[in-house]
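Mind having a look at this structure? Questions to follow.
We call the chains A, B, C and D, going by the order they appear; numbering starts again at 1 in every chain.
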Amino acid sequence: MNDSTDVQGRLAEKRFKLTRVGVKGVKKPIVVKRPWGERTLNATIDVFVDLPSDQKGSHMSRNVEVTGELVDKTVREPVEGLENLAASMCESLLERHEYASYSEVDIRSDYFLERESPERKKSLENYQIRAKGEGYRDGSIKKYIGATVIGWTTCPCAMEGVREKFKEKYFGISEEIEEMPVITHNQRNNTTLMMEVPPEKEVEVNDLINIIEDSLSSPTHEILKREDEAKAVIQAHKNPKFVEDVVRDILSKILKKYEDFSPSTHVEVKSESEESIHKHNAVAERVTTFEELRK
Amino acid sequence: MNDSTDVQGRLAEKRFKLTRVGVKGVKKPIVVKRPWGERTLNATIDVFVDLPSDQKGSHMSRNVEVTGELVDKTVREPVEGLENLAASMCESLLERHEYASYSEVDIRSDYFLERESPERKKSLENYQIRAKGEGYRDGSIKKYIGATVIGWTTCPCAMEGVREKFKEKYFGISEEIEEMPVITHNQRNNTTLMMEVPPEKEVEVNDLINIIEDSLSSPTHEILKREDEAKAVIQAHKNPKFVEDVVRDILSKILKKYEDFSPSTHVEVKSESEESIHKHNAVAERVTTFEELRK
Amino acid sequence: MNDSTDVQGRLAEKRFKLTRVGVKGVKKPIVVKRPWGERTLNATIDVFVDLPSDQKGSHMSRNVEVTGELVDKTVREPVEGLENLAASMCESLLERHEYASYSEVDIRSDYFLERESPERKKSLENYQIRAKGEGYRDGSIKKYIGATVIGWTTCPCAMEGVREKFKEKYFGISEEIEEMPVITHNQRNNTTLMMEVPPEKEVEVNDLINIIEDSLSSPTHEILKREDEAKAVIQAHKNPKFVEDVVRDILSKILKKYEDFSPSTHVEVKSESEESIHKHNAVAERVTTFEELRK
Amino acid sequence: MNDSTDVQGRLAEKRFKLTRVGVKGVKKPIVVKRPWGERTLNATIDVFVDLPSDQKGSHMSRNVEVTGELVDKTVREPVEGLENLAASMCESLLERHEYASYSEVDIRSDYFLERESPERKKSLENYQIRAKGEGYRDGSIKKYIGATVIGWTTCPCAMEGVREKFKEKYFGISEEIEEMPVITHNQRNNTTLMMEVPPEKEVEVNDLINIIEDSLSSPTHEILKREDEAKAVIQAHKNPKFVEDVVRDILSKILKKYEDFSPSTHVEVKSESEESIHKHNAVAERVTTFEELRK
């Protein structure tokens, strides 16, 4: 075909720059290599560039070509970390969209890690991981890696309310009850941590998953026989947490673990509990930089 | 336009009857009138008929016309029960699709009822209601009404496991602990009851909602101040329930409440708990008739 | 209960400020009054405040109380615009959370408007509306109103590609074909416009819906008989649009319609096409201020 | 723990049999081996058994154990077809739930196949596959395999309506226009085929995907450059299809391909188009047996 059919390349009538133009929901298998082995992830990918004010359309098929080429390469040459794949894609996008000044790639995937129950029974637990890249025309790239963990929160407030009532009612056991974990509402929680990986630094996504999971009242387990179940319940109730506590505990651990990361390092933490006691959810969130957190 | 453009009315090349053909996801406001007042529901509606083997296509715009006419009429003349609206739509569908031998209408909507917390604080709680109609060429109509309730279940098994462990540990309080509700995992649950309304009978959807809500460990409440929250937690833990228990309690109450309903009355109950202790859900279900239940 | 059970009010161990803490997914009916009449909306609401670094928890039941009180008031005294309800809720939240410096309310609802098909057949079309408020301790409030419209886009690029091929093949009709709308892929599209309402100004949400709908290749219609359907198809193909075009046309109309709005007025437009030709979606987006757009 | 904590094993108070009790949404990687190679699928699994009227609860952890053991075995010993894994799981479930008379397993997963565009450009296209098993105490097992394919439908009715109008308007080209594909609405469609695999027979899931894809107006493609896009549009418009046509074409191909399958073989086909011209979807469905289809 001749150039007259490059409708995207024509002059735009309404001259407005567009922040992001591209494709959303491309599904691809990706082979990832980490120190501990290889994994085939079934990923969902969004790919965007910006569009200058004078160009009618973005050549979106280039986004899918970049995705196809770089992702398919991972079958022969597994990529070390999804965030690095996202960063390479961002570079490649700016090469092919010569008119763009910005590129963005977002990759999400199910992920599995082996875990142990309190009784040391092994199971494969499911997590969600997410990587993001942002490319700029000056050659700089920002990359992010993160995870969402499904866990368990037990409410500290209801526990104190019940303890107070129990102290009155079960007078004889008032001392023991001070140390005994008492009933409260508890629920499924999902918590997301997403953080920037500064240049020259590395972040292992399994560490992020561990940090989130350790900040909940308890992890969840796929298989729990009776003995295991009782122990998990006791553990979760010895460790009551608001969503606010979950977010702060993660922030605290992140600061410590990555203490040499630059002040501008971006971090987002969000914890959402599917309250058993309500029909709505409880949410706590912090979006910030390491600089703010270190104050 | 002339008849040559009635592509649907042409002879089908591949002669297979189709079970259901129609439209899905039509959104409409519906005005419903019950003994206790009027409500405007924002409903989502599916409308199907069957298609004989020799006809190429179903005239789907007729489905939407029937929906529009009968639903819009409710603004001037509120309908008494969604299941009656579904039934009228089924009749009207068979009139307009002269080639169809079966029609089906499914209506879902958010719904609200005023409730009281343990401390008698009022709030408007959210439910889902659902109505279904099935029309047959011989003039018979089946109609169904149902509801989905979000509530709360506390696990009886983990509670017994923990009680056993606590008896050993807190030896001095072994007697009190026999009667004291002890910790367990608890979670958000959604339970659906859908039942046939036999000819000449009526079912008030609020009764179905009450039956479901009373069969859970506890209802959920939109607003709970501290005193309320403690009471709700104690109530839920005095009433531990498997999803199996929830389904059976509902079946038992239904049989009693509608004891004069015919043996062929169809009923479906499904209870699903978003297990706080696992990443997956627990489900129990019964699909049956009153005849089977009465055995 | 005594103060020892105010667990939220305790000192936080990990001293981090939280950006947003609150409840998500509260469902409520809201009565809205506009110049053209009253509507009962079934809304879904999120309500957040921030949390200072030294306080353990936010009193989330206050969020639901504010929601209940102000929303229930609309039954007796319908609110003029969801964005005004969001703003009042933001004010009330800062009064009750004396420790918060920021409050945020997000309200989404289904919405219906009467429309006409090309043949002037009336139907009630479904839209989504959304309002947002942000309250600050200094007394300032920001409010936003917006809508999501489902419509129709026809691809200009594929149309030119096909026209080129048809010119070769159907040589005798090469002149007519220059003006004839030719085949292309077309698809369902959903486009969202969200804009700030500056102090002392008003925005009618129906105008925003009109602006979006007029910027698509064609609106969608609930009911289309054959004559109507042909006309709608022709109209949509006379007006081929990329998602980029949709966003720019909306920006252009907004600038004109609200030309007296202050430079800092925030606006977001996002158009997403469920490409019939691909399994993934095409997206274009602009997030900006009136100042940037006027350059 | 002693037997007193086997709460599930206790006598039920309300004596109703339950149709299905189990776990829903267990996520697992599964390694599948087919003649053409191995694949790691990220699957979502539901696992149920029935429950006799006199037993309080089902031991759900056994469901997850069976899942874990049989699925993990696929890493060392890849399973030949998901439906065979589902069948083995059904057998194992009946062994472990000695009180159950029925077991059911449902497995869904993303899936990828290499495809070519009209210009022979290769891409990896995404599909959903699904397998189901049903086990009975008499030792019989039913197994099912199926797939959901996202494709493309172009409406034959609107095309005829437009052709009629174009004939009047573009009088000089009335002959050419009889053969020229003219504009119509077209849209993303998803179609599901699920069929029983009779004992001693095999069904290759790739064949089912091919059958569905060949029954749509056109497959969708991840990457289409301009020349490809024009060809795909022309191909889709030369092949206009109602959802009714899609379902019947699949039924016809299935009957031919599996002509030696027993009359009782169950088959379900459902095609749903996300109508570009409406906000709702169009659906056609057939649920039947080979016996009925052969009449």
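FYI, a residue touches a chain if its C-beta (ideal position, glycine included) is under 8 Å from a C-beta of that chain, and two chains touch if they have at least 3 such contacts.
None of the values given here were measured: they were computed from a predicted structure.
By the document's definition of touch, common neighbours of chain B and chain D comprise A, C.
Between chain A and chain D the centroid-to-centroid distance comes to 30 Å (mean Cα coordinates, whole Å). One inter-chain figure worth recording: chain A and chain B are separated by 35 Å, centre to centre, where each centre is the mean of the chain's CA atoms. Chain geometry summary: the mean Cα position of chain A and that of chain C are 26 Å apart. In chain A, the residues that reach two or more other chains under the touch definition are 1, 5, 26-27, 64, 126, 157, 161, 164, 222, 224, 226-227, 230, 278-280. A complete topology is adopted by the chain contact network, contact being made between every pair of chains. The part of chain A that touches chain D in the complex is made up of residues 1, 5-6, 26-29, 40-42, 61, 64-65, 68, 72, 110, 112, 123-124, 126, 222-227, 230.
Listed in rising order, the residues of chain A touching chain B in the complex are 125-126, 150, 152, 157-158, 161-162, 164-166, 170, 172-173, 176, 180-188, 220-222, 224, 226-227, 229-230, 232-234, 236-237, 274-280. On the chain C side of its complex with chain A, the touching residues are 1-2, 4-5, 7-8, 12-14, 16-27, 46, 48, 51, 56-58, 60, 64, 156-157, 160-161, 164, 242-245, 247-249, 251-252, 272, 278-288, 293.
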